[in-house]
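First the structure, then my questions, so here it is.
In order of appearance the chains are A, B, C, D, E, F and G, and numbering begins at 1 in each one.
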Amino acid sequence: MADMLLQIAGVLIFFAIVFGVARLVIGRTAIDRVVAIDMLTVVSIALIALYAHLSGRFVYIDVALVYGLLSFLAVLAIARFLEKGP
Amino acid sequence: MNEQAPTDGKGIRGLPVLWLLLFILWLIVNASLATPILITGAVISFAIALIFARRSNVWHIAVTPRSAWHFLTYTSVFFTELVKANLNMLRYVYSPRIDIHPGIVRVRIRLKSPIGRLALSNSIALTPGSLVMDVRGETMFVHWLDVKTTDPDQATEMIVAPFEKHLEAVFG
Amino acid sequence: MLELLVILICGSILVSGVLAVWLDNLMAAMVSAGLASLFAAVSYVLLAAPDVAMAEAAIGSGLSTLIFLYAIRRTGGGRE
Amino acid sequence: MVEALFQPLNIFLLGLGGGFLIPLLYRIAKPLPALAFITALCGIAAVSGVNFWALRNGQPAIEVYTAGATPPISINLRFGAWEGFFTFCVNIAALLGAWQLWPRLRDSYAALLLYLILVMGINGMVMTRDLFNLFVFLEIVSIATYGLLGLERGPAALAASFKYIMATVIASSFLLLGSVLLYHVTGTLNIDELIARRELIAGPIGTTALIFILACLILELKPFPANGWGLDVYETAPAGIAALVSVGVSAGVFFALLKLLPLFENHLSLIAVAGGATFLFSNLVGLKQTNVQRMLGYSSIAQMGLMMLALALLQKQGAAASMPLVIGGLFANHLFAKAGLFWLAGAVQRTEVAGWSTIAGRPFVLLVFALLLVAIAGLPPFPGFWAKWELVMQLSGAQLYVWIALILLGSLLEAAYMFGWFKQATRAMPGDLPVSFTARDLLPAAGGAVLLAIGSYHAAQLAGAASLWLFSPLIIGIVLYALDWLPGRVKCCLMLLAVLGVGNWLISETTGMSGLFATVLLGGGLVVASAALYRQDSRPGYYPLMAVLLLSIATMMRAQTSLEFFFSWELITLSSYFMIAQGRHAHPHALPFLLFSLTSAFCLLAGFALADAANGTSLLQAFRTGGTDAASAFALLALGFLIKAGAIGFHVWLPGAYAEADDDLSAMLSSVVSKVAIFGLFMVTYLAIGSQVGLELAHLMGWIGMLTTVIGAALAFRQDDVKRLLAYSSMSQLGYIITAIALMSHLGWVTALYLVANHLMVKGILFLAVAGVILRCGTRRLEELGGLARRMPVTFVVAVVALVSMSGLPPLAGFGGKWLLLSAMVDKGWYGLAAAGILATLIGLLYMFRLAHALFLAPPQAAAVHVREAPMQLLLPQIVLVGAILVLSFQPKLFMDPVSTAIDPYFASTLVWEGMSLETIYGYWNPVPVMAASIAGAGVLFLIGWTVYRLDQGRTAATGIAEFYRYYIKISQPWSAPLATRAWESIARLGTVSAEATRRVYTGDGQMYVLVALFYVLFLLSANFIAGHAG
Amino acid sequence: MELTGSILVLTGAFFLFSAGLGLLRMPDTFTRIQAGTKASTLGNILVLAGLGFYHPDWALKLLVVAYFVLMTNPLSSHALSRAAHAIRTPMAPSTMVDALREEGDRQGNGDVS
Amino acid sequence: MKAASSLLAVLLFGAVFAGIVGGYGERESVSALAEQYLAMVPRELGAPNVVTGILITYRGFDTLGEVAVLFMVAAGVGVLLGGKDTTTASEPGREPRRPSELVGNGAEITLPLIFLFGAYVIKNGHLSAGGGFQGGAVVASGTMLLMLALPATKLNHGFLGVTESLAGVVYVGIGILGLVFAAGFLDSHILPLGEFGTLISAGAIPVISALLGVKVGAELSVIIDRFRN
Amino acid sequence: MGLPVSTLLMTTGFLLVLIGMWGILRHRNILRIIIGFGLFDTGLHIVMVATGYITGGTAPIIDTALGIEQATTRAVDPVPSALVVTAIVIGFSVTAIMLAFAIRIHDARKTLSIDALTESKW
């Protein structure tokens, strides 16, 4: 039961990523893409954590941390540059 | 933020708080209480705390029972609002036709301490339909997913008030 | 399950890669390249190489993107 | 402890430790980084040097293990003889390069550490035995290079650097991919293990991975046509950095290729093709370059191509024993010569070749320049010469003739543009801004030259040709050069003494034909050379070169093997080239001289290679026993000597060089140096004696000789310039000798030797006499001279003797010679040749009379009114030579005895000597019909000519000898267009046009370069694929 | 225990899914930022919390991760929206009011580039 | 024309790569060498993280070279972007917008955490995923945040330079110690192996890891700062 | 679904390499070319990591989840991982240098188009 729920969760995350990528492709403005990236990284953190659980390896959580940190920084940096404008 | 209570001071006033915070964090991430980890943790967190406590006044906060109480209240309010906000959001997202009237409104804030203002804006960002756009002095510009009023006072009441009183008690 | 995830990540990497080459806006292209690298980091986790994933996330997507941004700024927003 | 101090690992400790320390020291005190840099660099060089020395003395290769584990677990390094050699050379070059770059390095500690780590990286590439570690070191080297390239801030330099980065990043990516895929296939990254598990590298992954690695290495060596980025960097980077890229980085990559070669057993042909195409086309395109550094870049790339080619072909032939000489020699030669030239370019600071006239008149700079150029062109005594020789020998042994042709053609092209550059540098232009040097600026380039000189002896040792006598001309040359500050006449005397002493020692062991030639040429050479005493000026560099020239002739006569012979031959060529180039108006003519000489030399090289392969030995004696398969060798060798002798078709270099050289040098060239080629012809005809094909070729050679004679005479007839007239006359006379040799009979050879001796003396006299005339009258135009018989009586007398002797009138020596020749031809049944000889005799008579008339008998002209007799120093040699002519004429026995004994071993049976005097020969061979026929023929021809002249011209115009000549010169104008000159010009144009067309592949577009590089990889892949499926 | 965890994970995933959907459906940049940030933050926290139920020994570290996301995500969304506003990203047609723009226009300074 | 040839090149490479993929089969077990590593690193080096063990000890020479690469890049970028004639592209008359106050405050709060986390990753090199490079990169990211959110901050180049120099020199020094006291250059057995899986274990690996982290962090920070100015 | 994980990722990696190659070859803007190089590099790294994967492998880090004696059978090949960490750092270095050059070029010419960089040729 629990496993099935997790599988469903996995599928949902899968679609979340698909939507994010779709937004990335559709774009509209650069900011939209960055938003998509922001969301995608957060989803990826969850994904990595889930994968850590699935494979039973605690060490992957560290990756999720670095990942979250870096994505935050990247988004911040991009936002900062965007607002300075071209 | 597990730390509380405003003080005003300079220099390394924020050091103990920061040191403690970092040390605890260190222990958490290491998931171990072995002696070497304790020692290195103490040293590293002290070094980092020393550097950052000196360079800004963000960490000038003091811990008192009252502020701790308010912090807990704040946390609970915050999480309630977070869930509410998300449910709210779900409503928009899953409605067949998204019928919203977003806008940027002006609200007033009374908080002075940087960390308090930050906590406030973070809270606002995560709660129903609002997102802080900019802060200028005592004015905060908030993007509102569904604008109910454009009057600053009313808006303040609706958006800021739930958190501010607790945060004021915690951070000043 | 794992295959599904892998296919998803692979697809995302490729989509980001194509966008990075295809997009007209330099900033967006750069961001897409960073995203490709970020997804690559996820794929390294799936391939059981967390060390590499960390390095890629930190260096490949974080710092590279940043210096790219600085470069774009210093070259006038990427106008040719 | 001392051992630990010089452990090879210390190279890295010094490099990295020093590099890491530099910023720290910079914070402490500003001068400290420089100090640390110098210490570290010297330390690196010392470590590699000490270890290399130990390895040379038989110590086994040093294995360095890191991390306390053995390979393949951990990375290991090896320092064997090869590694020692490469690292030591590179480190020394790096030291010199640092000196050159010092003004740039000093200012920025970043540059210091980049440079230091770059050097360390190259050492690492050479020493590491781990594939991935190789990649890391390659990246270290690349990134250090990028950083150093950033020192130059010009837009062009930045653009070029960017292209360079694009291409090299692509290349190294392939290395990365290849190594990981190889790891996947074989489970190891250790190179030794990879080689051991070679058979595992199969299937699509393994083979592709291998090709990726190969592609990276080849691309980093900048193969044609995927090398535009490299050239742009060479063009725009600071010279010191370009030098480092050219020699250092390439050395590292090349060594990587060398190291990994066992993996590429199946791809050797591919590597060879890549290298060959690079060598040929880069040199071709080099022809059109005007930018010095770009030109050097082409040459650099070409050299790496040559090394690639040599490596692959030698490996394929399993000729591991030749590798040290060929690869080591080529490498050291390229390293120091190319780096030296780059450094020199940096010191001179003229980007365009045309700007180099600014160093004309700076003897020391020119000396360094010349030495480096000689080394680059693969000429002796530098290592490149020995290496190329060995390479060609090996290739010939494996019957890879196409490759030999390619190598020689490429070398010729390279020499063409390199010496074209030198030509600019020897021509002072008015309005050149003087360029200021300090000894500091020149030190690196000079250091490179000195190291090359040291290397040349070692290379000779490896080639088995290092002996005191062979190098004695150079040693004497160096000693004399050291005394070059003395006054000119003192130097001349010293030179004569040195040549006399050393030359005697050198030729004391020569016997037979060589002994004969040695005595005649050295004696004649000394006499002619002594005429130089008439010059009062200092003539910097002239006397050492003259000593080298004369002594090289002696060593050539002493040579036992083809290598020794060729070595001396090239020295003769070079020393005469540099002496000619010193002439005031010689620079347009020196280059053709050199190019034809080199063409001839390369023909010889190829010929010797064939002969060695056919004979199985390089001993010259073996030529006598060469069988029928030596015919092609004979053809090539004969062609080489004919070119050098100025035979018809190849004569275009001759008049300019002879005419524009210094006056006494012209005498030397014409009388002595030209005989060297004749000696060669003698020698190689041994080869032809044994076979029917050879005899037919000899007949062809006879016709070539006779045509040369006729046309040479006709051209001499037309000249208005006295030295050009004599030059063409030389050509004509040499033609007789060639024909005589081609007769291949006892009589023919006697004739030839007789003519050699005669011509030596005659031309010596005439050129020296003319030198006197020019000295006194200041002009060379025939119409401006005249009436000198009274003003310069001694000159007049000796000249007349010489002319008589040359024209073949009795009773002087020339008569005997010509008579013998005609008889021999008739004897052999070559009547056509004999008829042509008669025609030639007539024209010869005409121009010689014209010469005598115009100089001495014609009415005095303005220039010749107040002249005195020529100086004693000039007259004395002439008188000596006249004496010799008289001896030869009236006591021929003195000469004929040794000649006969020398020839007897070859043609003992063809001629019976009865008695030993000339008279006896006359008697035995009834001269009357032959001579009567010839004189009658000549008379008839002359009468026809005179009649035509009278009919057409003589009735209206005033008759006179000058008019007679003018008439014939005029009517010969239309049909005697300079065909040969035009032919050669169009060949030269073909070269430049194809160079122009080829270089269009370099569009300057960085993306295009990347695309080409990618296609190059695809080409390698597909070639491998096809080979895999075909085999 | 595990069931609780998996339900939490599933809820989290559902929120993440909604975030994705919101990102796609919302009319303008600002609303997308809102949708993306809020839902993904909560979803992420829930997933991590759910996993914490599975592995109590991981819980503290997961908490750190969750806390980190909680702290950084709003900040980045704030920075993004500020940037978006600064470069005059178009807002949805249904937008009622833009006090910040008015403020900027009133001050007349050039801080909007 | 050029487009066509580019396309051709890409397609042909596609074919080549397809060949590789076609010949590739996922392994069921690791190569003999990898097996040796997997057995040796924990046992003989005492490092649970095999990758770090390989990186720092067995392939330590690579790592040293890599550090040198970064070091040179810092210097090279300094050469390129330093100097007087550098102009930033921001047009005059338009002051760059100040960063948000909130972001600044956020940075002040996050920075200690980031640095702490960097220290954790560095320290964790031999135990769990992470190591000097990753940790150094995290530290550098912290610097980057500092520069982004608080542009007024000036990096102390002198300090950073000295730090990276010292770290580098000590690194090389430890390598030499390995040469003197253990079996070879960069041998980590100069310190006792300690108890498996604890912080103070695996010989010199943690020390090297820490040095690496400090050095990489400083170098990356310098590089970023060069780009900023 | 039959494809093994590493084959999938290897394909992806190679495709990314090709995409990067296309970017390098077709874009005129230097910065975009550098982006192409970045993709190229990333693709290579993915391929490299993929070659080290074994079916069902786990990270070669010994902890409670992976005993010391299981390591040889369950862990993936650590060597490619080690190599890729190095390669990532080097890739970053190269990118940094290229960007520095791009900035310099822009300073010198006020353009980023690679078409402007053709003065040295032939």
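Observations on the structure shown:
Rule of thumb we're sticking to: contacts are C-beta pairs under 8 Å (C-beta built on N, C-alpha and C of every residue); 3 or more make two chains touch, one makes a residue touch a chain.
Computed from a prediction, not measured in an experiment: that's the story for all the values here.
Ranked by distance of CA centroids from chain E, the top chain is D.
Centrality by Cα centroid goes to chain G.
Farthest from chain G in terms of Cα centroid separation is D. Among the pairs B-F and A-E, the greater number of C-beta contacts is found at A-E. Chain A and chain F, compared by their mean Cα positions, are separated by 24 Å.
With centres defined as mean CA coordinates, chain G is found 20 Å away from chain A.
Remark: chain C and chain G have CA centroids separated by 10 Å (rounded to whole angstrom). The set of chain F residues that touch two or more partner chains comprises 6, 9, 13, 20, 24, 31, 33-34, 37, 49, 51, 59, 62, 66, 69, 72-73, 76, 80, 85, 89-90, 97, 100, 102-103, 106, 109-110, 113, 117, 121, 124, 128-131, 133-134, 138, 141, 144, 223, 227. Annotation for chain C: residues touching 2 or more other chains are 2, 4, 46, 48-55, 58-59, 62-63, 66-67, 70-79.
Looking at chain B, one finds that residues 25, 29, 118, 121, 132, 134 touch two or more other chains. Residue ranges on chain F touching chain E, taken from their complex, read 94-95, 97, 100, 102-103, 106, 109-110, 113.
Taken together, the chain B residues at the contact with chain F in this complex read 1, 18, 21-22, 25-26, 29-30, 34, 36-37, 40, 44-45, 48-49, 51-52, 55-56, 58-59, 114-115, 117-118, 121, 132, 134-135.
Across the complex, chain G is touched by residues 3, 6-7, 9-10, 13-14, 17-18, 20-21, 24-31, 33-35, 37-39, 41-43, 48-51, 54-55, 59, 62-63, 66, 69-70, 72-73, 76-77, 80-81, 85-87, 89, 127-129, 131, 133-134, 196-197, 216, 223, 226-227 of chain F.
Interface residues of chain A facing chain F in the complex, by the touch rule stated above, are 58-60, 62-63, 65-66, 69-70, 72-73, 76-77, 80, 83-84.
Across the interface of their complex, chain A is touched by residues 58-59, 61, 63-66 of chain G.
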